[in-house]
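What follows is chain A paired twice: with chain B in the first complex and chain C in the second.
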Partner chain A sequence: MSLALYRIDDRLIHGQVVVGWGQPLHITFIVLVDDEVRSSDWEQDLYRMGVPPDMEVIFASVEEAARQMASWQTDPRVGILLVGDVNTAVSLVEHAPQVRTFNVGGVHHRAGRTERLRFVYLTDDEAAKLRQLAARGVEVTAQDVPTAPAIPVGDFT
Partner chain B sequence: MKLALARALLRLFAVQGSYNYERMLGVGVGVAEEPLLRDLGDAKYRPAVARGAHFFNAHPYLIGLAVGAAARAEHDGASPDQVERLREALCGPLGSVGDRLVWAGWLPFLSGLTLVGIALGAGWMAVAAFLIVYNVGHVALRWWALRAGWTHGARVSVALHNPFLQRAGAVLGPAMAFTIGAALPLTTQYLAWPFEAGARITFAVVAGLAFLALRWPGGAGHLNGLRLALGLAALALVVALVWP
Partner chain C sequence: MSDGSPLRGVIVSHAAVAQALVSAVSVITGIDGALTPVSNEGCGTDALAERLNKAVGSGPAVLFVDLPGGSCLTSSVRYAKQHADIAVVTGVNLAMLLDFVFHRDVAPAEAARRAAEAGGKAIRVTAA
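Right after this comes the complex of A and B.
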């Protein structure tokens, strides 16, 4: 174990991640990969507030994440890695090819995006990027909570 | 501005009124924020209101913090991108702080206390006291959240570090467990009192077996409290019919 879930979720750290996934997976750390959050103190402060005090939150840029991926993947503790959008996920896989799965957990409505699932709204470009990711051998599925079925990429893009 | 804040507070009571999967509470947030944006001037007012109504989700009682903070950021001349990021960053913490504080704290704490009150004979007074006390806390939290957001803008995490809020969260968890723990046996005794001894013993045995059934690992995923309770209620109904 180590990183039990690689997740795309535009709300980043929130209840569904901390409680919904965190409790059944027994996680003790969260890696938040986002270049902008990495360079913003007040955003880090806010995201840290969403987790219980005994859970560690690691903020990383895509490049830092790529460098440290191996150490997280062999960490004796269990953690979750979060990115906020499809582009960051693609960029992360390019920098760190050892990332072999991505869970699409929540990408919400914004201008240009259309509904694919109740919790997934994508532009055509984002949908194409997810399919390319899958074509490169990354297992891409959509699943908001652990008790829901995982929907394969072909069924929602 | 006092009047605008009061308007926003009143509208916040309807923040869940247009809940949907596309924007969650976004439209409600936009409607509540609108009075605070009226003095921005025509060119900034419309895009700011539209931004206010984008996707948003958090605890309904604390959501005023996001409404106030976003409106303050718009007044301070934050860029559209900064306002969007502020809103995004607030969803998670406001949701989890609110869940801990209210859904897993204040509400079950007072519910337990009320049940204890009823079991000890306070009757309707306990129910009335619950409604008053709960809502005093509830409205105070909404008002504090809106004011704090409006005061701090993008630096709103200062408000969430408020020692009172931290302490309330730390105290309410155990306090909630205590009142619910006290309420369970007292309520059971209160409800079982009118029945004769044999019925009460049967009830205790059934409750004990039900508890064990819920703990039984093989039942995971199929058996939960609600299903079991419904099943037992149906069984009791059948028994009562064939054996009057």
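Right after this comes the complex of A and C.
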């Protein structure tokens, strides 16, 4: 069934992902694409603590993710791919153009960002990059949990 | 406890769980000021780290986290790695907090071990 969700969420693996999305989608693996976490053993251990023992967590750099994307997309299991910020999402699409959707699930306040939705804060540059992704044919929507409506990129950037 | 400053408990949770636990401990024991609630509501990593920093202050502390995974735990463990005299316990419940507020005259690691034991003992299946 492959990757059912490509998500931007600065909390990476947390309850909304594992339970909120994971349960209804029946996921059995998570791909976490983050160059920093990929190089940190203790952070990987920490993120593994947040998932059930029978769920696989795969840590990948952007380049590794691009190389493995085809196999994940044809994996008979169902999985979720996570990135922590807009820049990583853009980089991933550049390296792996077969990524055709991104869900903006949680980008929180930081200096320079302004509120676009309750769970989405973006700099003007990040907003522009999301619009550019959409212009390239990537379906970009914001949606924190499955029961909420998916908001088109043009409505929050 | 080594330096004589009071050991603080900081509850780190989703939504308003932490605040509710602090209120319950106060109602049951009459002890105020031993526990500080921190919610991850609306927080990214940076904002939650700032809330933790403000709640802990300069003294030793035990961070009581709601779940054994997720943003509350990752932020708490990161904080503990960057600061001395911080211990982290997951699966916070009222029983462990009630025990903790009466046994704060020990190092954070010992208080955390004791709290985890007290919390675990409170989880039972009772007869109907």
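Throughout what follows, the second predicted complex is superposed on the first by the 157 of 157 C-alpha atoms of A that agree within 3 Å, B and C clash if a C-alpha of one lies under 4 Å from a C-alpha of the other, contacts with A are read in each partner's own complex, and residues count from 1 in each chain.
Note that in this section a residue touches a chain if its C-beta (ideal position, glycine included) is under 8 Å from a C-beta of that chain, and two chains touch if they have at least 3 such contacts.
Owing to the predicted nature of the structure, the values given are computational and were not obtained by experimental measurement.
Once chain A is used to superpose the two complexes, chain B occupies space that clashes with chain C.
Using the contact criterion defined above for the overlaid structures, shared-chain residue A:Val107 touches chain C, although it does not reach chain B. If you count the residues of chain A touched by chain B and by chain C, you find the higher number for B. Using the contact criterion defined above for the overlaid structures, shared-chain residue A:Glu36 touches chain B, although it does not reach chain C. It is stretch 3-11 of chain B, out of 3-11, 39-47, 201-209 or 219-227, that runs into chain C when the two complexes are superposed.
In the superposition on chain A, chain A positions 10-15, 18, 42-43, 46-47, 49-51, 108-110, 118-119, 121 are in contact with chain B in one complex as well as with chain C in the other.
Taken in their complex, chain A has these residues touching chain B: 10-15, 17-19, 36-37, 40, 42-43, 45-47, 49-51, 84, 108-110, 115, 118-119, 121. Contact residues of chain C toward chain A in the complex are 14, 42-47, 67-71, 73-74, 77, 81. Contact residues on chain A toward chain C in their complex (touch as defined above): 10-15, 18, 42-43, 46-47, 49-51, 106-110, 118-119, 121.
In the complex of the two chains, the chain B residues touching chain A come out as 21-24, 54-55, 57, 85, 88-93, 95-97, 99, 154-157, 160.
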